[in-house]
């Protein structure tokens, strides 16, 4: 009984850490402009729309976060093998991992922008100076939370995988969840804020991202400020639910019916989420209604 | 302003000769493994290899179900999830592998099913939150661009597709596809891990002159690393097969799955033989 | 609409880079065998240099492959390179002194079959696919072997699976505190997979220049070397790890500053706190 209570306590803690990690991950990838929305930041100068957005083309979020979290976990593991205290080891490991992330971000911006010379997109050194540290800060929160939850899974809950392998697994999952949920919100809602609300971006508008906005020339911090209101927390809830429910159903039910208890609870959870998703879909169809033909030519 | 040589369109064409050659390579690999293994462990080695091939095929086939829209999806121009297909599938499958590895002591069947459920649960939550963002954050309903009516629910799609786009969000068939993809990928990855773990637990003690508990970290790490490596190889091969984006099982590109099954089987057999040779030679 | 990939002719031909990368990497891996001959572990840093050489070769291969527009983006090529490389490298460690050569042959076979599968069974029909995937698998295997040498001290299976832990001042052998036992190979895997695809991915565009991309590869390689050196403090003596760390830092600082200079040379403009320049019509 005590074991289960301890397990549930750790599960709750990892769920909270995962939620924070997801929110920080999405905000970081929006400030740096990483992943699929970044193709628009790359495309805009080619269509003649020069901008001051940070063009962080470091693979996509899943492999990038897989690397930062695995690196942080590996460094923490090595430091712990040298008898350094676990908390200090995790903090130091994450600091070094964030340093790597910052360097990759700067080289990506310089590389992509320098290769756009033909279209006249300049390298803005002040964008480099001001955005890099902000992305590093958000990344540190995400990486630290992920490495900590991996450590808890290994040390407190007894998962057989060693810390670096757990860092790889959860880093890639963090990136996948955060990227899936957060990218459309950043890409459509903020990058193309000048398009009509409630519809996708028509193909003819590709590249025409918002460059002049409420605070003058838009930069990536403005984007982060906006997406941190919904896209970030939604990504956090997504990753938090994934980690929490996975651990919760295992800790509570794995001993019932020799493992089949956890499986049945998992199937029930999948069905519940299917019903919720169907409800959302039907609600949208009923409340928004179909698209109507425009009365005059749209601008 | 175009790529070096005009690449002939990959298309959905099957190449029967190549698939035949692939199957021949597969049989050669299985046979070679059987003969190299020492006599008394031949059946175990063969079953491990068959398990690895099956796991690889599950991954390769399962990834076809996952709805991936790529860069256009990030702008609401195409349905699907706005992430790369290889890494999204890896994310779901590895979350499943995490759960399956934990359940390893409870038997192979339970562990593989647990791994599958873990992957399916991750994809279910992710797909639900994607729709959540589209509907409540952006005011965009889900619509597919490839079919007139959703094959499962019968909802009509055309009038909910905004002008100038190919569709957006995750219609119900894409959601179901995502869950099935996560289930199969998680199960496949866990199967590969379990097969290799059992093999290493049985053979490493003699090879390294140590007890089973002592070499257990090595066995887990190697089996886990191989599972991750084979996972990525299989999902990248599938990504090549669907050329990057797919809406789900209703997409015409889905019909290309036989090619991927053959390719995954051969690639998994090759990698499996090498993984087995470490302890058998 | 996606990023348009353009190819710029000129620069050092790919075969030269391939030959140079292959030979330098092999030599560095074998030079690290001095560890075994002398009984000390000061020569582990050669593993890091092997990593840099292999990555330079590999990033140019990715440039050749992805110039054909394979449709799924650059990071996948890095993943498949290391996915096939890790499998070849782990089997090769069983062969003692011949391990690098075995890794070369085995990875080439795996890459060849994967290339055949992609081109013929999956119908991608890209001219450079088979050769590129073969090269990428070899690069993956060499990079992982280089990391293993740097962090673990050698490239044989025994060295990579045995380590020692200190309890109350006593040193006990342990399988868990080793390169494979602690699964540091996962860190090496991802360090290499991101480092191999980053240079081409980051320098993508019509203004791609070869020297800038290769300098970025060197920078990524040395950065990975710094991190691997920090991790190696747990497994090799402090002196050896310190040598690797210092070489890594010097190499990284040099390549990073050169990369800044090359980017300044190639950029349209290098502005500090200036507004967006006006372009006609927008």
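By letter and in written order, the chains are A, B and C; residue numbering begins at 1 in each of them.
Convention: a residue touches a chain if its C-beta (ideal position, glycine included) is under 8 Å from a C-beta of that chain, and two chains touch if they have at least 3 such contacts.
Nothing here was measured: the structure is a model prediction, and the numbers come from that model.
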Of A-C and A-B, pair with higher C-beta contact tally: A-B
Farthest chain (mean CA position) relative to chain A: C
Chain A and chain C, separation of their C-alpha mean positions in angstrom: 26
Inter-chain centre distance, chain A versus chain B - centres from mean C-alpha coordinates, in Å: 22
Chain C residues counted as touching two or more neighbouring chains: 2, 4, 73, 75, 79, 176, 181-183, 186, 189, 206
Interface hub residues of chain B, defined as touching at least two other chains: 71, 84, 87, 217, 220-221, 224-225, 228
Per-residue overlap in chain A, given as positions that touch at least 2 other chains: 39, 60, 63, 161-162, 165, 168, 203, 206
Contacting residues of chain B [partner chain C, same complex]: 1-5, 7-8, 10-11, 13-15, 17-19, 21-22, 25, 71, 84-87, 208, 210, 214-215, 217-218, 220-222, 224-226, 228-233, 236-237, 239-241, 243-244, 259-260, 262-263, 266-267, 270-271, 274-275, 277-278, 281
Complex interface listing, chain C residues touching chain B: 2, 4-7, 67-73, 75-77, 79-80, 82-84, 86-88, 90-91, 94, 106, 110, 113-114, 116-118, 120-127, 157, 161, 175-176, 178, 180-183, 185-186, 189, 206
List of chain A residues in touch with chain B within their complex: 35-37, 39-40, 60-63, 159-162, 165-166, 168-170, 172-173, 175-177, 179-189, 191-192, 197-206, 230-231, 234-235, 237-238, 241-242, 245-246, 250, 254, 258-260, 262-263, 266-267, 269-270, 273-274, 276-278, 280-281, 283-285, 288, 290-291, 294, 298
Chain A partner contacts - residues on chain C that touch it in the complex: 1-4, 73-75, 78-79, 165-166, 176-177, 181-184, 186-187, 189-191, 193-194, 197-199, 201-208, 212-213, 216, 219-220, 223, 227, 230-235, 256, 259-260, 262-264, 266-277, 279-282
Interface residues, chain A side, partner chain C - complex: 39, 42-43, 46, 48-52, 57-60, 63-64, 66-67, 70-71, 73-75, 77-79, 81-83, 96, 100, 103-104, 107-108, 110-126, 161-165, 167-168, 203, 206-207, 211-212, 217
